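The two complexes that follow have subunit A in common; it is paired with subunit B in the first and with subunit C in the second.
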Partner chain A sequence: MKQFQSWYENHHQYCKDWKARTGGKIVGYMCTYVPEEILYAAGILPTRVLGSHEPHDVTEPHIFGMYCPFCRDVLAQGLKKRYDYIDGLTISQSCLHIRQAFTSWQMHLPLEWSYYLPMPHHVQSPRAVPFLREELVSFKKSVEEWTGKEITDEALDHAIDVYNTNRRLMRQIYELRKAENPPITGLEAMYMVVSSQFVDKADHNKELERVLQNIDGRLADREVGTRLMIIGSENDDVAFMSMAESVGATFVTDDHCTGSRYFWNEAPQDADRLNALAIRYVERPRCPTKDWPERSRIPHLLSMAKEWGVEGVILIQQKFCDPHELDIPAIKKAFEEIDIPTLFLEFDVTTPVGPFRIRVEAFLEMIRGEDLF
Partner chain B sequence: MTQEYWRWKENNWKSADKDWTKAEIVTAGIDVGSVSSQAVILADGELYAYASMRTGSNSPDSALNAITAAMEGTGLTLDKIHYIVGTGYGRVNVPFAHKAITEIACHARGANFMGGNKVRTILDMGGQDCKGIHCDEKGKVLNFLMNDKCAAGTGRGMEVMADLLSVPIAEVGPMSLEVKEDPPPVSSTCVVFAKSEAMSLLKQGWPKNKVLAAYCSAMAHRVVTLLERIGVEKEFFITGGIAKNIGVVSRIEKELGIKAIKSEYDSQIAGALGAALFGKALVEKGGKKK
Partner chain C sequence: MVKSSLYPTEQLKCWGKAKELRDAYYQNYANAHKKGGLRWAGGAWTFDAVVAGLGDDVYCLTSEPYGASIAFNKELSRECMEAAERAGYARDLCSYMRNYWGSIIIDKYAFGGPFPKPDFIWQDHICCSHSKWYQVVSELEKGIPMYCTDVSVGPYSQMTDAKIRYIVDQLHDGIEWLEKTTGRKYDDEKLIQAVLNDCRTTSLWAEICELNKAVPAPLDEKTMYSLYVLATLQKSSKEIADFYEELRDEVKDRVARGIAAVANERCRVMSDTQPPWSFLKVFRHLEQFGVVSVGSLYTFGLEGIWEEKEDGTWGPAKRRNSWAKSPKTATKRSGHWPSGTFPNRSGSTSIARN
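Let's turn to the complex of A and B:
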């Protein structure tokens, strides 16, 4: 389990070592709608580009002040040359903020290859799968032209298998969090999922299997406290998770693109591999940029909360994240209707631990209804 | 030395007729806020003594300073207090407290004591933040909302304005009500912007009372928008230092169309009072009693 944290803390070193070890190419991706399997099948390591949670001002000339802190933090990492080992960069259409980080990166930093994938927004349309399939054909072709190698069906099958295994194993671990004493904390789950976004999935799978072998009875003595779920935009804010779990709570599940949304569903079996991938990405738990006209996410969130025995929900959004902001009132209302209270917090590059702590503690006091009266 | 107009008066009070030595349970609440620290001592759940002091750079010292001022002349010592609850921004740094409880819970409990069990919506206007709280008839929190990362609508903002205009802080409210009609408010989203606007108004020749009216209106509007996000019930109570500023309170009441419930107690002690009441409940429920 410590391995995930160590990977998280040494993201860049892991990638550099991987490159030295394999001689392969590394592609940074900026959104989890990117079909990593195609890159992996080409022998490329996809690595998610994340922020560093440090205050900085290098993005000021390049990106609007009212764009979300995450996309600014991501671009800052590029400008500070922290991803100087990546050979290419890609993004799938999700929101305009992160897309500006992508275009600015293309403009200011050297890249052998870059690709903007028009992932359809209207994923609820029956035309979304054929649309995406055709886009994946172009994406695959572009990767092949860049590397000079054909991506075979066998390679795709292998990549899909490795990725599906990763999803299945993480899902298995999430299932165990339904227990009265979850064997892993929310912080550990975050390290696990976020590290899976840049570690070679074959390495990650081995570690997941090791963890699963030794998970029985793990954290049996830890005080669980209030069972929380955290929902919202990109979140790898380990300082926040750690603080919240230190004041009498445990995150038992989540809905983040750095959490369950990333790995929840597998690619189906299909002789047409790109069609299988199109189905997988169209049907995955949705990001609010794509979840319309129905809010299909809400029934999923509510049933997850019931199954995982959630007592309170923390709703977070990166400041200025309009898609999440638009969904939050509806999500809040849906939870209140089933008597699960919610707490809304707005995240920024750095974590204001003190002000967040008071909110979280007061929220927990409210839920626990301690014998103070 | 030039006068510091923001300096509100530190104070303490003790009951003239109560005697802690006759009480079965003596509890205390210490509220270490960002600007002020209060200590409240209860003898069998009744208000016995309190103090309201400025918070220094060190929370443990501020807590000790407040409780020492509250105990002054009573013969009480820390070891004679059965249970001490710390609250406020520095709640986890009160070394002699038995438990820390958030100021949100404590303000709701304190308001329930001060304004009676009819109180349902509480506005706490503190030194560096501002909260809207809903509670039940016992003073238990049902919902709450806090302002984010901004000093507008807080005591610190008012202190800045008092200093700028050279008006002692206690006179700000009454002076702001001298105007016949409220001028347009200054910025309600940022103290720094509000201060620059106030400076330019002064340069334009506005009298102090008019500038203060513009600032008090802005502050009232600011907290009303916070309250409207959470909803306001007519059983409404205001706690915290700004509750003493009639210029802000009357404008909030006007904007909401609701009169705040009046209380005989000092609005600043609500948090510490709630903490001390929780202390008493904890002793009765089998907690620590020396």
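Let's turn to the complex of A and C:
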């Protein structure tokens, strides 16, 4: 587990070392709807562009202050040259805020290659898979033109296999968190998933296999406390996770694009590889921007909470995140209808850990029915 | 402050008619059930022509103009936004939405009486929250059938047949959904007529905007908002297309006679993005200094249909008057407007004279 943390804390160094070792290209991606398999099949390392959780002022001339802190933090990393090792940049359609970070990056930090992928929003329509398949054809062609190398079916098969393996292994570890004494904490799960978003999946798979071999009985003596689920927008705020798990709670599962939403489903077997990928991305657990007209997230979240024995839910959102703000009232209501209490917290580039600690402690006291006086 | 008149000015002759059309629109929607008709709701840029195939007694309420109408009434707007916030919706969400939801929650229609519940929702997803807006409307009204079309297929300059196919296929599915939801038989002829009206409305509006190149400008932005809004209500309506023809002729006549919107026009500006609906009088304030706002993204781009002409200039799209032999998709027709919209082609946002 320490390896995941080490990778997370040394994100840029890992990528630079990978580049020095392989001589390959690295592409930054700004949304987890990007079909990384196609990049991987071209010998490219996809690395998710994340923020650094440091206050900054470099994005003020480029993005309105009422855009979400995550998209501003992401752009700040570019402007501060922290991703100066990437050769290309891509994004799949998700929300307007992160797209602004992408277009601003294109404008101010031009790269050899950049690509906007119009991932459909109407993923509940039968028209979404054929449309996305066609978009993936164009995406693949663009990558091939850039690298000057054909992406063969064999390379795609290999990439899909490596990615599916990664998803399967992380899912296995998540399954183990259903146990009375989960063998990993929520913080560790976050390190694991977020590191998978930039570490070569082949390396990551080896580490996951090693972890699985030694996981029995792990953390058996740790006090689990209240079993929590965390739901919301992008979240790699390890300081918050660490704090919440230090006051008598354990996150046993989550619904984040830096968590379960990233790896929950695999690409199916299909002779048409791009169709398989289109199905995978259309059917994955949804980002709120794509969850309509039905609220498919709610039954998924409720079922997850039931299976993982969740006692309380922390709903978080990046400040000003409209899509999540449009889901949170319905999610809160759905949980409260089945007597699972919720706590809503608004995240910024940095979180006020002290005040949040008081709110989390009060929430836990309420769940445990403790008398205050 | 510049008070002296440099140009003659006069009121628009068709102003009263514009107001009548708008009032009739909101009343027709509210009273639809009394006449055995249907009510539907959707955004100002939804495919309203498609719903026209259900019959002539199907009336809509478009959301952004309705939210803006509430904004004009400050007290009602405050009530609506507070109600939306009490219901759990964040105060930094779009205020069009919060006004609209609040109007449902407090059950007050901005044009009198209780909020008239729509029978179905027909929306399109033009930003990352447009469908979510109506997901909430459906929930607030305890479940209204909803169909939404995703139009976000990427930049217009990169249009492909597959992207258009995605939208067209969703609309075909939508027509089946409309038939199933309403129990009505769909009439293709009515659709065709409505699409032609839509084309007429949007290209006529672009022609009207283009006339504002003239010095002095025949229209000012505040007035344009009251006129452009008709297209956002129902661009496929014959009455609105006909009205724009009348308006175009009147504006053309104003240009020919040198009639100004602002008699002391000295400086021309344009504005960007959402209008200050609750404070439109800011434009009147500017006029005291001889400043006329001649247009904006909203007035030009949201309802005007434009095209690049063969000679490389940019102007109102040619109107289609019949459905015969549909031309190959015109990829250069769009609401996109380059810097050449106004006389100053340098890209600056204002043109000072004198």
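Simple rule for what comes next: the second predicted complex is superposed on the first by the 370 of 373 C-alpha atoms of A that agree within 3 Å, B and C clash if a C-alpha of one lies under 4 Å from a C-alpha of the other, contacts with A are read in each partner's own complex, and residues count from 1 in each chain.
Throughout what follows, a contact is a pair of C-beta atoms (placed from the backbone, for glycine too) under 8 Å apart; a residue touches a chain by one contact, two chains touch by 3 or more.
The structure displayed is predicted, hence computed values, not measured ones.
Peer 1: Just from the overlay, do subunit B and subunit C fit on subunit A, or is there a clash?
Peer 2: In the superposition, subunit B and subunit C stay clear of each other.
Peer 1: At the Cα centre of subunit A, what angle separates the centres of subunit B and subunit C, to the nearest 10 degrees?
Peer 2: 80
Peer 1: Between subunit B and subunit C, whom does A:A362 touch in the aligned arrangement: first, second, both, or neither?
Peer 2: First partner only, subunit B.
Peer 1: Applying the touch criterion given at the start, work out whether A:I328 contacts subunit B, subunit C, both or neither, answering first, second, both or neither.
Peer 2: Touch partner of A:I328: subunit C, not subunit B.
Peer 1: Please indicate which partner A:F131 is in contact with in the superposed arrangement: first for subunit B, second for subunit C, both, or neither.
Peer 2: second
Peer 1: Is A:R284 in contact with subunit B, with subunit C, with both, or with neither (first, second, both, neither)?
Peer 2: Neither subunit B nor subunit C is touched by A:R284.
Peer 1: Give one of first, second, both or neither to describe whether A:R48 is in contact with subunit B, with subunit C, with both, or with none.
Peer 2: Neither partner.
Peer 1: Per the contact definition in the header, classify A:P120: touching subunit B only (first), subunit C only (second), both, or neither.
Peer 2: second
Peer 1: Counting only touches as set out at the top, which of subunit B and subunit C does A:M66 meet: first, second, both, neither?
Peer 2: The answer is second: A:M66 touches subunit C but not subunit B.
Peer 1: Does subunit A have more residues touched by subunit B or by subunit C?
Peer 2: Comparing touch counts on subunit A for subunit B and subunit C gives C.
Peer 1: Rounded to whole Å, what minimum CA distance do you find between subunit B and subunit C in the overlaid structures?
Peer 2: It is 5 Å, taken between the nearest C-alpha atoms.
Peer 1: State the interface residues of subunit A toward subunit C in the complex, per the touch definition above.
Peer 2: 66, 93-96, 116, 118, 120-122, 125-128, 130-131, 134-135, 138, 288-289, 292-293, 295, 319-320, 322-323, 325-330, 332
Peer 1: Quick one: which bits of subunit A touch subunit B in the complex? Just the residue numbers, please.
Peer 2: Residues in contact with subunit B: 341, 346, 352, 354-355, 358-359, 361-362, 365-366, 369, 371-373.
Peer 1: Using the touch definition up top, name the residues of subunit B that touch subunit A in the complex.
Peer 2: Within the complex, subunit B touches subunit A at residues 89, 101-105, 109, 129, 138-144, 146, 148-149, 278, 281-282, 285.
Peer 1: What residues on subunit C touch subunit A, complex-wise?
Peer 2: Interface residues on the subunit C side: 87-90, 92-94, 125, 127-129, 131-136, 138-139, 146-150, 152-155, 160, 162-163, 165-166, 169-170, 173.
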